[in-house]
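These notes open a run of structures that come right after.
In the two complexes that follow, chain A is the common piece, with chain B as its partner first and chain C second.
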Partner chain A sequence: MLMRCRLTRFTMALMLCGLAAASSASELRFCLRIDPKTFNPLLVEDEASQTVRYLTGGVLIRLNRYTQELEGELATKWKVSENGRRIDFDLRPGVRFSDGTPFTCDDVVYTMRELMDPNLHSPTGDVFRSAPGPVESRCTGSSATGSAGVTVRFPGPVAALAAQFDQVAILSAHSAAKESAVLGPFALGEYKPGAYVLLRRNPNYWKRDANGHPLPYLDAIRLEIQQNRELELLRFRRGELDIVNKLDPEMYDRLSSEMPHAVVDAGPSLDWEIVFFNQVANAPLPEYKRRWFRSDDFRRAISEGIRRDDLVRIVYRGHARAAVGPVSTANRFWLNSALQPPSGSQTAALALLEHAGFRRSGSTLVDRDGNRVEFSMITNAGNKLHERTLALIQQDLARFGIQLNVVTLDFPSLVERISRTFNYEAVLMAITNVDLDPSAQMNIWVSSAANHQWNPNQKTPATPWEAEIDKLMAEQGGSQDRDKRKIYFDRVQQIAADKVPMLFLVNPNALSAVSPNVKNVTPAVLAPQIYWNVEHLQVGNALVSQARNALVNQR
Partner chain B sequence: MLSLLLRQARRILLTVLLGGLLGATLVRLGPGFGVDERELDNRLSADSQQAIRMERAKENNIALFYVRYLGGFLHGDFGFSRSLNRPVAELLKERLPLTLESLGYGVFGGASMGLVLALLTVWWRAPGSDLVPALLSGLCLAAPAAIIALVLLWIGVASRWAIALVVFPHVYRYAKNQLIATSQSPHVVAAEAKGLSSWRVLWAHVFTPAAPQLAALAGISVSLAFGASIPIEVICDTPGVGQLAWRAAMDRDLPMLVTITVLVALMTLVVNSLADLALAAWKNNTVPPAAGSAPA
Partner chain C sequence: MSFKQKFALAILGVAVVASLGAGYLVQSSYSEQFRDAISAPPSARFWLGTDELGRDRFARLLYGTRVSMLLAPAAALLATLIAGLIGGAAGYLGGRWERMITAGVDLFLSLPWLFLLLAVRALLPLNTSPVMSVMITFLLLGCLGWAGPARIIRAGTRTLVNSDFLVQASASGVSRWRLFWRHLLPNLRPVLLAQFWISIPLFILSEANLGLLGLGVSEPLPSWGAMLRDLENYSAVLQNPWMLAPAVLLVAVVGCLQLLLGTEERGVSC
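Let's turn to the complex of A and B:
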């Protein structure tokens, strides 16, 4: 009986093997907008490089994009102590890099040393730089018991310390292949600049599924470099691509009418669409305009006057949520649920304007000195959503007699104006958030930071409420008690709602398209929305490949 | 001939050097120069942001930049592309063959189409005989290169043919006018009166004498084709130098833009000079020696 069973299994395996050999390898295909700037995971800045890092890099801790909880990967356990200055990891045994080099604690020590090199200027490393001083990493555990561990100690408390390791891909200290030796599900196979990046299955990947099959199921991922969104959609329709990871609402609706089962709306993302006014002391603005922009009532009135529901309905075709503040509704834990989005009420806005000394003079609004209320708002050219948003805001403000002039600029010119010359009045822009934790917003809220956009690099806080925000952000950053931090950040959100330094308009939904050929997709609102569980994804003949891989592994 | 060659070489060198400097100056004076999108990255520390600004400030002094650039250029180092994080020489090496191939197909295809249609128009001479080519060339002339690329993309035709359609109307119109003017010359009327076949007249007495003037189109065709390749490669996502030029312009990537300016200037001038040299050689071979000159 046992003999017959073995024979059947062997025959089936042979058949599957033959089938697999006859058919092409299972390959997932989707697009990158541009070439990755680097394949060194420590130097990643751009979205394309982040994608490659996500697919190839092995990390100690991974944030589950669906449950929004941290999960151990190369670390089986971890413990944060000394008020966020120290973290201890227990490392997973028996793991190998893609080139066969064993994974040891030396690799973690080496990665942290390279990452924290002050000359590297790595965004991934900079989030750990909470205080001046060296970062100490050392191996712990014993070779006798077979347990290996690492302790990393930072000079100052690092907020959400464990979560920051989601971005740290471990490098090999000993492999001759350097960055090409990886611990993630895929390894770099081939790169043709301007055309594609081919990632091949990492034969030494440590994860297995619930049935003990080795992961990932896919043999390869082909990342086509495709800047043209229309072309990307066309190729998706033709079946040449399996995923479109980000769709704009118009494309989503177009595709949804043709392929209703292919589109995915995962709900509001973490991203913001915001407006802010120039409050920089030495900005080249007339004094009376500076007074308007510094008036809390004026900013609140403008915020009240913008009908966010119209933006959601007309500009985003229903695929967005009116924003309540700096935390999206997708961020379940950190959202201050007591806040409500501004009403869009004309009466409330007019009352605030009158309180600030503005009055109607015929069809226009004037300030207490008789200056007509007219200002310009800049945004990046070529962004249809922004252009439509501004057209609606223009209409909304015209109800109060405010003349809004729309100016579109290419992105470098816009960055120059908001960060160097401060030659602007108001700006509409999108902010992409990848982090759930409020510490990622530190450089936006702290008044001395360069990205405190409405009035950056302040020597001392210009207003009492900015001073309070500084204090609250420092307190939440220095605490490891999540609930306490939530209280501090709830207050920051409340101040942001009362003082309106930035007008949060909408949180656009995470829209994607997935071919019916792709199995095991669980869309999430956090990036990468569709392929966050890439090792479990299957395409077409992935089951055959899986059987083949199992057979190869058994041999 | 040698002095002509030297003159042409000197002209090319000076124009290229000046073109590069002017290109660099224009980029330097453009809005948004010297800023880096990374400055908006919330994760970066103040030190890292300062380091990025310092790095960008190195390109602020355009004279110094250009002198350094030329120093490197002589050693085959065209600088480092910030937008793609790689040496410019490496990027050009990867992308230039594809663009040259597209330009080759485009220029050859467009020129052939233009010349053949012009010849047919002149040969046929019936009223309305040039209606279809004139309409086609008018359409191609009026449509921006990006629109032509989109249409071809939609019907699944390779992007290089979009370049051909950009070059074609220019060649067709110039060649037709040139051939018509030549066909009205007295020697053509005399040849026709002698009873030579219309094809022989067209080839030997119209096309051949007009050939040097038509060769002068080569230079303009190359620069036209390269200009068109920028939007075409962007629309069709072709990984060539045109796409690189677009990206560099969007990112104010100074070394990349200067190198592409130098490259295009060089390409256009070399093709123009070759046409000039061919014209000079043709004149030397066909024009009889002036009266009284002694044979060599």
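Let's turn to the complex of A and C:
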């Protein structure tokens, strides 16, 4: 009987292997805009490298992009203590790197040492540098019980400490080729600069599905390097690509008319479209214009006067949400639900302008000294969404007699003006936001920060409300009590709504396209929207592949 | 003038007259947004429909034609004048002056003018009205577009300088100034005119290219370049073929200019 069973299993294995060999391996294909700048997960800065890190890196804790909750990966449990200075991990046993080396607490200690090495200048490590001093990591647990753990202690409190480990891919302390030994679902297979990055299935990946089948289901992922969005869309239509992870509204509508089942609108993303005025003290601006831009009423009037509903309907074709502030409606926990987007009411805007001393003189608006209200707004050239947004704002403001001059500049010139020479009046730009936690916005809200766009690098806060924001951000960053932090950040959002240092226009929706061949897709608003659960994705003959993998593992 | 050329002249005439009389032909302004009629099809109200911001396409086409058809010849005139001055001087003076100027022209031609244009455009004051901005754009095009014609004019001048009638005039004691104004310049006229006519479509297309990069004429002023950007959305073009109107007009105008240029070239050979 046992003999017969073995024979049947062997025959099935042969049949399935034959079937699998006859059909091509299941491969997911999508595009990167540029070549990854690095394959070292600790040095990742650009989007392409982030993609590779997400697909190959094993992390202790992962933010579930769909539920927006933290989940244990290589750590089965963790505990944050000492007011955000210390975190203890219990490590998952029996895990191996893609090259077969066992995963131990030494790997975590080694990764933390590398991450905090000042000579490496790891951008991922920056978030952990909350205070000067060394970061201590040590192995805990006992070899007798087989439980392994790691304790990491930081010199100062780190905001949202556990969530920061979502970005820390664990390196191998003992493997010879450290960059190719990974703990994620895929490992680097082949890289042809300018052409593609091929990631192959990690045979030692620890995760299994509900039925005990090893994950990932896919055999490989081919990341084609393709900068041209039109070509990317064309190749998707031809079936040469399986995913287009970010679509603009125009492309989305085009594709939805041809392939209605292939497009995905996951709802508002965390990204912002914002406008801000130059409030830098030594900016080369006439004094009267500086007065306008520093006037709360003026900024609020402009914000009130912009009809965001029209921006959503006309520019974004309905694939966006009018923004209420620095937190998108997609960010369920941190959004201050008491806030409402500005009304777009002409009356309210005019009342604010009159209160600030502005008046109509014929068809134009003038300030109390008789200066005609005219200013320029810069944006990056070639961005149709921005150009259309500006055309709408131009007409909205013309209702009050304000002359808005639209200037499109090439991107380096734009950056030069807003970050070095400060020779601009107002700017429209997009901010990509990938983090739910408000601590990620620290560099925008703190007055001394370089990215405090409207008036960066302040020695002391220029206004009382900026001083209050500084204090609130420090308090929320130093606290580990999520509800307390929410109260602090709600107040920051309220101040941002009252003082309008930045005019939040819209949160564009996360738009993607997925081939019907790809199974188990659960789109999320957080990046990477489509492949966040990559280990569960299947393409075409993935089921055959899955059965083959199961048998190989069984044997 | 052949029938074809008369026909071309008529088309150009109609385009110029229609663009100049845009205020009488259309009721709405080129910048007015009818936000309740986004991407509307042609109708009695909007002859060519509306664009994605609800602006009257016909009004924008007429005003855009005015911008391109008036400013491109102005830029061409400027470029031809600079080219005539520099190329003429090189050919007339000859010797090391000619070598020096020719080397300068070659150097200028080797510059990536598009980046130069972007850089100069980025240095302009921000609070420039759209009309001023478009004039500056064409002024820059004119200032940068002289080098090619200058080489041809230099060659033409050199041929004339070595011709028998100029050698004879020179031997008769005619002053260099009189030689230049009385004998050289009138004979260079066909070459200069040809360069002028060639430059017009070139500048129209250059502005269109800049428009495609989003760096041409600023909002809300229309231009052919800005309107041609709409054609990037080819599925929308298939559904709304009237979006092709600016492209058709551009091709028609450039074609007509080429036909008229044929007259000038024959004028040169005569």
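Following the convention adopted for this analysis, the second predicted complex is superposed on the first by the 545 of 555 C-alpha atoms of A that agree within 3 Å, B and C clash if a C-alpha of one lies under 4 Å from a C-alpha of the other, contacts with A are read in each partner's own complex, and residues count from 1 in each chain.
In the analysis below, contacts are C-beta pairs under 8 Å (C-beta built on N, C-alpha and C of every residue); 3 or more make two chains touch, one makes a residue touch a chain.
Nothing here was measured: the structure is a model prediction, and the numbers come from that model.
> I'd like to know which partner A:Q226 touches here: chain B for first, chain C for second, both or neither.
In the superposition, A:Q226 touches chain B alone.
> Answer with first, second, both or neither: which of chain B and chain C does A:Q394 touch in the superposed model?
second
> Would you check which partner chain A:A467 touches, where first means chain B only, second means chain C only, and both and neither mean what they say?
A:A467 contacts neither chain B nor chain C.
> Using the touch definition from the top, say if A:K37 reaches chain B (first), chain C (second), both or neither.
In the superposition, A:K37 contacts chain B only.
> What is the contact status of A:A173 with respect to chain B (first) and chain C (second): first, second, both, or neither?
After superposing on A, A:A173 lies clear of both chain B and chain C.
> When the two structures are overlaid on chain A, which partner does A:S413 contact: first (chain B), second (chain C), both, or neither?
Both partners, chain B and chain C.
> Just to be sure I follow: which residues of chain A are touched by chain B in one complex and then by chain C in the other one?
In chain A, positions 409-410, 413 sit in both the chain B and chain C interfaces.
> Could you list, by residue number, the parts of chain A that touch chain B in their complex?
So the residues of chain A touching chain B come out as 34-35, 37-38, 45, 118, 121-124, 126-127, 129, 192-195, 225-228, 231, 409-416, 419-420, 440-444, 449-451.
> Under the definition above, what is the set of chain A residues touching chain C in their complex?
Result: residues 230, 250, 254, 257-258, 310, 313-314, 374-376, 378, 381-384, 387-388, 390-392, 394-395, 405-410, 413, 423-425 of chain A touch chain C.
> Going by the contact rule set out above, which residues of chain B touch chain A in the complex?
Touch list, chain B to chain A: 31-49, 51-52, 84-85, 91, 94-95, 153, 234-240, 243-244, 247, 250-252.
> Using the touch definition up top, name the residues of chain C that touch chain A in the complex.
The touching residues are 31-33, 35, 38, 52-54, 118, 121-122, 126-130, 213-215, 218-220, 229, 232-233, 235-236.
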